[in-house]
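Read the structure below first, then the notes.
Chain lettering (A, B, C, D, E and F) follows the sequence in which the chains are written, and residue indices restart at 1 in each chain.
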Amino acid sequence: MTTHSFHRRRLVTIITEATLEGAILADIDALGPSGYTVTEARGKGSRGIQSGSWGLASNLRIEIVCDETLAPKIAATVHQKYASNYGMVIYVSDVEVLRADRY
Amino acid sequence: MAFPSSRGERPGPVPRGIDCFGRRFGMWAMADWSFTKQGPGGRISPLCLSPWGLFVMPSLDPVILFFILGVVAGLSRSDLRLPAPIHDFLSMVLLLAIGLKGGVALSQQPLGEVVPQVIAVGLMGGLMPLLAFPVLYRLGHLPRADAASVAAHYGSVSVGTYAVAAAFLAHHDVTFEDHMPVFVAVLEIPAIVVGILLARGLEKGTRWGRMAQEVFLGRGLVLLIGGLLIGLGAGPEGVAPIKPLFFDLFKGVLALFLLDMGLIAAGHLGDLRRHGVFLLGFGLVMPLVGATIGATLGSALGLSVGGVALLSTMAASASYIAVPAAFRMIVPEANPALSLGASLGVTFPFNILLGVPLYYQLALQVHAFMEAL
Amino acid sequence: MAFPSSRGERPGPVPRGIDCFGRRFGMWAMADWSFTKQGPGGRISPLCLSPWGLFVMPSLDPVILFFILGVVAGLSRSDLRLPAPIHDFLSMVLLLAIGLKGGVALSQQPLGEVVPQVIAVGLMGGLMPLLAFPVLYRLGHLPRADAASVAAHYGSVSVGTYAVAAAFLAHHDVTFEDHMPVFVAVLEIPAIVVGILLARGLEKGTRWGRMAQEVFLGRGLVLLIGGLLIGLGAGPEGVAPIKPLFFDLFKGVLALFLLDMGLIAAGHLGDLRRHGVFLLGFGLVMPLVGATIGATLGSALGLSVGGVALLSTMAASASYIAVPAAFRMIVPEANPALSLGASLGVTFPFNILLGVPLYYQLALQVHAFMEAL
Amino acid sequence: MAFPSSRGERPGPVPRGIDCFGRRFGMWAMADWSFTKQGPGGRISPLCLSPWGLFVMPSLDPVILFFILGVVAGLSRSDLRLPAPIHDFLSMVLLLAIGLKGGVALSQQPLGEVVPQVIAVGLMGGLMPLLAFPVLYRLGHLPRADAASVAAHYGSVSVGTYAVAAAFLAHHDVTFEDHMPVFVAVLEIPAIVVGILLARGLEKGTRWGRMAQEVFLGRGLVLLIGGLLIGLGAGPEGVAPIKPLFFDLFKGVLALFLLDMGLIAAGHLGDLRRHGVFLLGFGLVMPLVGATIGATLGSALGLSVGGVALLSTMAASASYIAVPAAFRMIVPEANPALSLGASLGVTFPFNILLGVPLYYQLALQVHAFMEAL
Amino acid sequence: MTTHSFHRRRLVTIITEATLEGAILADIDALGPSGYTVTEARGKGSRGIQSGSWGLASNLRIEIVCDETLAPKIAATVHQKYASNYGMVIYVSDVEVLRADRY
Amino acid sequence: MTTHSFHRRRLVTIITEATLEGAILADIDALGPSGYTVTEARGKGSRGIQSGSWGLASNLRIEIVCDETLAPKIAATVHQKYASNYGMVIYVSDVEVLRADRY
């Protein structure tokens, strides 16, 4: 097995309402990351319980691996556009990836 | 373990009511659910209820019992829960089935007769938010966006409530115009448009294209109108092979859907506690106002008693699918907990437990009154 | 592609058995599945099976074949899998349907007759763990919590096994008391309470309120008892409109459920390998003991042959829904792999493949014996 | 709201076609969907269509309308979506139902007659990729793995297309051999094996054991063959109790499945734009070639007109379940967007909208020709 | 777009049996985080395979964003109460959030 | 409550096609981590959109908590075997766990 070196990237995680899916993914896409991953979620926050039992009461968990420049841009853009009116949690963390050219 | 397929042949001594104890309660709390059979369109005479009857409510439509089971399970914190994919599946079948029924009816009817009714019903849907908005905004002191949102919910229609009312009428052998589902589809839209105008005014910033997309391409309307067009295209003969799924299973699917809605409604009762009694009162009174408007319009359009009862129910009902989804995207500052608390936590239970039989009585009265003119 | 709706008119030369080769195997391995028609309650005479018959098992109930398909697919590592929401949906429909049937039966029956039976059956459910516990604890050297947990599983009941047995009897035109589902609900609870007492004793720490919540508000019992109450409230006439979903589709839903249970059971066979032969033996012998107790009690309560067979099957079956869920919360140190390995990996397959016809034979014997007294 | 269960009694003035406007369009674009009733196997005479008829397509099978609804909703970016568990559930019911039907047919038939047909059909499935591969590899300049993959897709069969064709024939009262589903199962496999050989050659590295596992234990084939064996084992009498779920609901389930496939197909139309017109052309021409081969073989095997039409449709159809799953694991360098773009984005819509009635016409021609010999 | 500064917080992730949902979420809630997010999961661990095919064989993945004090408290409380009897994995990591006041 | 000390471990996250499930989990297992967790996902990347609407269009999100030695081994092995032919994102991050002996 060849040795692989890891490259530092950032992981942006956004938890928000499922109804936003179309709009928010289009906005994220427009900022140019190489991709994103979505999982279904439920939870509790300042806006109460999202039980996940139907569309309006469901959350999404969106993850974007990107570089150090894009991460704050995605976080800030999404925050500014949606955070005041929608249930939303955004956090950013450090990750290491194998393929430097991809993110 | 045989179940008589015809409803008329119930054997034995049930209901056992003799002494008429509990009649007063029966008159109000159960309204007409506990009435005996009768011919189409005729007046139903109240049945004298025994205490046993009071407890088990022998002729309460079982789909309503599923709703009550859901509410009770939800409030008592049972871990009963229907998975979201099953919720989607059940409501998809209901929406398609209602659309198909309406479309098949349309396919057998001169369109010329329906078009004026469609316009009148659409106007009613657009006017009702204008009626509700000032009450919510001035009297209720709701923020503008919230007042507009709640008003739009009540101008629109609840498909689940419609399905329960149609089942109620079928249960009591009351016939109605087959194309009533068309009005369900028609009523979905105008209230949303008017509601957004109320929230935003005619300001430039409104992205009407985006709005049209949210409104017309929402999954509820796509399934309802898609079903209508398929029913229209296929006709009664064409839909026959899909009848076992969409029509024979309809009430069973409705029962499971109402079980789920009971669980969901139980979760929204808490919203109300937080937002005070004004919304509770609005959620109880507005349906009565809407029902009266709907019944009057239905009568004026020359609908049968059953048709009047259904239009009355639609006007009394409040949306919890199309409107919240559209407002969430277009007027996001409106708090969905407010509008869903009223529409799902108050009006939906009220309508399916008490409203539907009441609106049927109303239809009888209005019809009789109009005929007396 | 026509399917005769009545089962009696099977055309042509099947089964082709002439030479009686394989009769011995047929007698044991397939027990009574391969028997010909007969009148209600009468003795079924074994059919002479051809080798072809042995292979395709012409009269093995097809729902059982779905279970076998699931086990085979699971063991051969097929990627066949039913999504969890579908599992929930199928079991929800089964539980509600069984509850509804029992409730409708109750609605037509003087409660006075059923109450003593309910008490007797409940006592049986509470006593069976007391019988099983010492065997597991002393003989099997299981830890106290595990012995109590396994004992509770076997004192309770498997709804899936009940459904298969009811289908088996219906297939053979054997009638039974319509209110048997009431006993399914009754049997769920006492064994859990006794099992927890066996694990914990009457120590102060036990949070009985919490326990009651876990036991009574578990989704299985809520649906079963909810269905019972709805059936009781609606009566045969009331449930007629939901019959197509809950009753006509029942065996199809059961078939899909058993396919899934086959996949799940296949996954639990490995548990057994890890926990030795004692559990395997217990999982095979305990049902026979339970069946005998159930058959005896059923006969003593004056049930019909079909009713005795069903009560015998219930007693022989082991829970895999209510009990594991309750024990997981209240006696968490009990290892669920042990109890599910026995109940799902051994007893469930044994019961539905071999046990059910065996218990029917047992019911015939016990009934004949009681009548001879 | 009554739906006539028999299709013959459509009342009233629909279709209102008098002037024959649009006949030319009707002849091509809707092919035979818009034809009137006829006896089994006879020639269907085209119906004169009114403009209204053109719009609503009165006799277009409604299951096709569900597919169109799905495509339209998908292309217009509606948020309509069927949850993945529901997709799995619907296709599971379809696969089991088709398998069960075939198995029941086999149970009533001397195996000796079917075996030669099975061998011939299996050979056809293995030879078709050999025909398609050079076209894709030399003419289309696809990479070897992709050419092999696409070729394998077209040698195999689409269960959804088969179901639509069977529904089309039933709708037009055209009978066919009951054991046709056996050929669906048979056709799944040889094309995969040949396709992998085309991609890999007989090189040593190929893990044939692993391949066999992927091919035979894929969920599609397990359900199809499992259903076949259950139907074979249970016979018509045995499957009667599960008939309401698997057979009565069949077309309704197919309608929902096609709605979902419409949404999925809409998503694959973009794939094509990326991969040029060659694949588009291949996806339209290859079915016609396959249909001709299938019809010829069917006639040579002595099948009825309906059977010839079905075998022709199978040969014309391209897999989107078993083959992509197997190739994804065994020849992963093949790009699934290419093969699914062609099979789901072009051939599936083409076949169910236009192909099926065309292949029926072809079957009539070939049958007449063979009889004239 | 205004610039946003990030604030360090901790992310506690708990993977455990789905049957625990009611109890464990109540316990977490009682410790006072601003919310939590739940996703359905399956997996394999010391207690064998959780195939996700039905309730008893399903896992949950619970995430809580909170401050440096609360994170070890949540992890330790949950661990102490459940880890000996239930399938359970807990890990804590660093994340950065936009709104310092919310977690 | 006893104080717990945290131990540094690594978290490997792999996002890939759902069809790979059987094969990739067997390969990961063979490398000897104490377990793994799987959630259903959808997303977008260089290979287009995975809408999650059926098996072939679905992704998985696989997480493995392991030590500093195993993490790059898992990442590299999986990458080498699958990344050229399958939609795949791999990233590694730092986490802290309570039980040092388990991972």
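Convention: a residue touches a chain if its C-beta (ideal position, glycine included) is under 8 Å from a C-beta of that chain, and two chains touch if they have at least 3 such contacts.
In UniProt terms, the chains line up like this: A, E, F = Nitrogen regulatory protein P-II.
Not measured: the values here are computed from a predicted model.
**Student:** Is the C-beta contact count larger for D-F or for A-F?
**Tutor:** A-F is joined by more C-beta pairs in contact.
**Student:** With centres defined as the mean of C-alpha atoms, identify the chain lying farthest from chain D.
**Tutor:** It is E.
**Student:** Measuring centre to centre with CA averages, how many angstrom lie between chain A and chain B?
**Tutor:** Inter-chain centre distance comes to 38 Å.
**Student:** I'd like to verify one number: the distance from the centre of chain A to the centre of chain C, where each centre is the average of its C-alpha atoms, in whole angstrom.
**Tutor:** Each chain reduced to its C-alpha mean, chain A and chain C end up 47 Å apart.
**Student:** Based only on mean CA positions, could you tell me how far chain C sits from chain D in angstrom?
**Tutor:** Between these chains, centre-to-centre, one finds 40 Å.
**Student:** If you average the CA atoms of chain A and of chain E, how many Å lie between those two points?
**Tutor:** 18
**Student:** Residue numbers in chain B touching 2 or more other chains?
**Tutor:** Residue numbers touching two or more other chains: 77, 79, 81-85, 88-89, 170, 244, 249.
**Student:** Which chain E residues touch at least two other chains?
**Tutor:** 39-40, 52, 93-94
**Student:** Mind pulling up the chain D residues that touch chain B in the complex?
**Tutor:** Within the complex, chain D touches chain B at residues 1, 3-12, 14, 56-63, 65-66, 69, 73, 76-86, 89, 167, 170-171, 244, 248-249, 251-253, 255-256.
**Student:** List the residues on chain A that touch chain E in their complex, please.
**Tutor:** Against chain E, the touching part of chain A is residues 13, 15, 39-46, 52, 59, 61, 72-73, 75-77, 79-80, 83, 89-94.
**Student:** Show which residues of chain A lie in contact with chain F when the two form their complex.
**Tutor:** 1-4, 6, 9, 11, 25, 29, 34-40, 65, 93-99, 102
**Student:** Across the complex, what residues on chain C touch chain E?
**Tutor:** Chain C residues touching chain E: 81-82, 84, 87-88, 260, 263-264, 267, 271, 324-325, 328-329, 332-333, 336-337, 340.
**Student:** What residues of chain A sit close enough to touch chain B in their complex?
**Tutor:** My answer: residues 17, 19-20, 23, 40, 47-49, 51-58, 82, 84-86.
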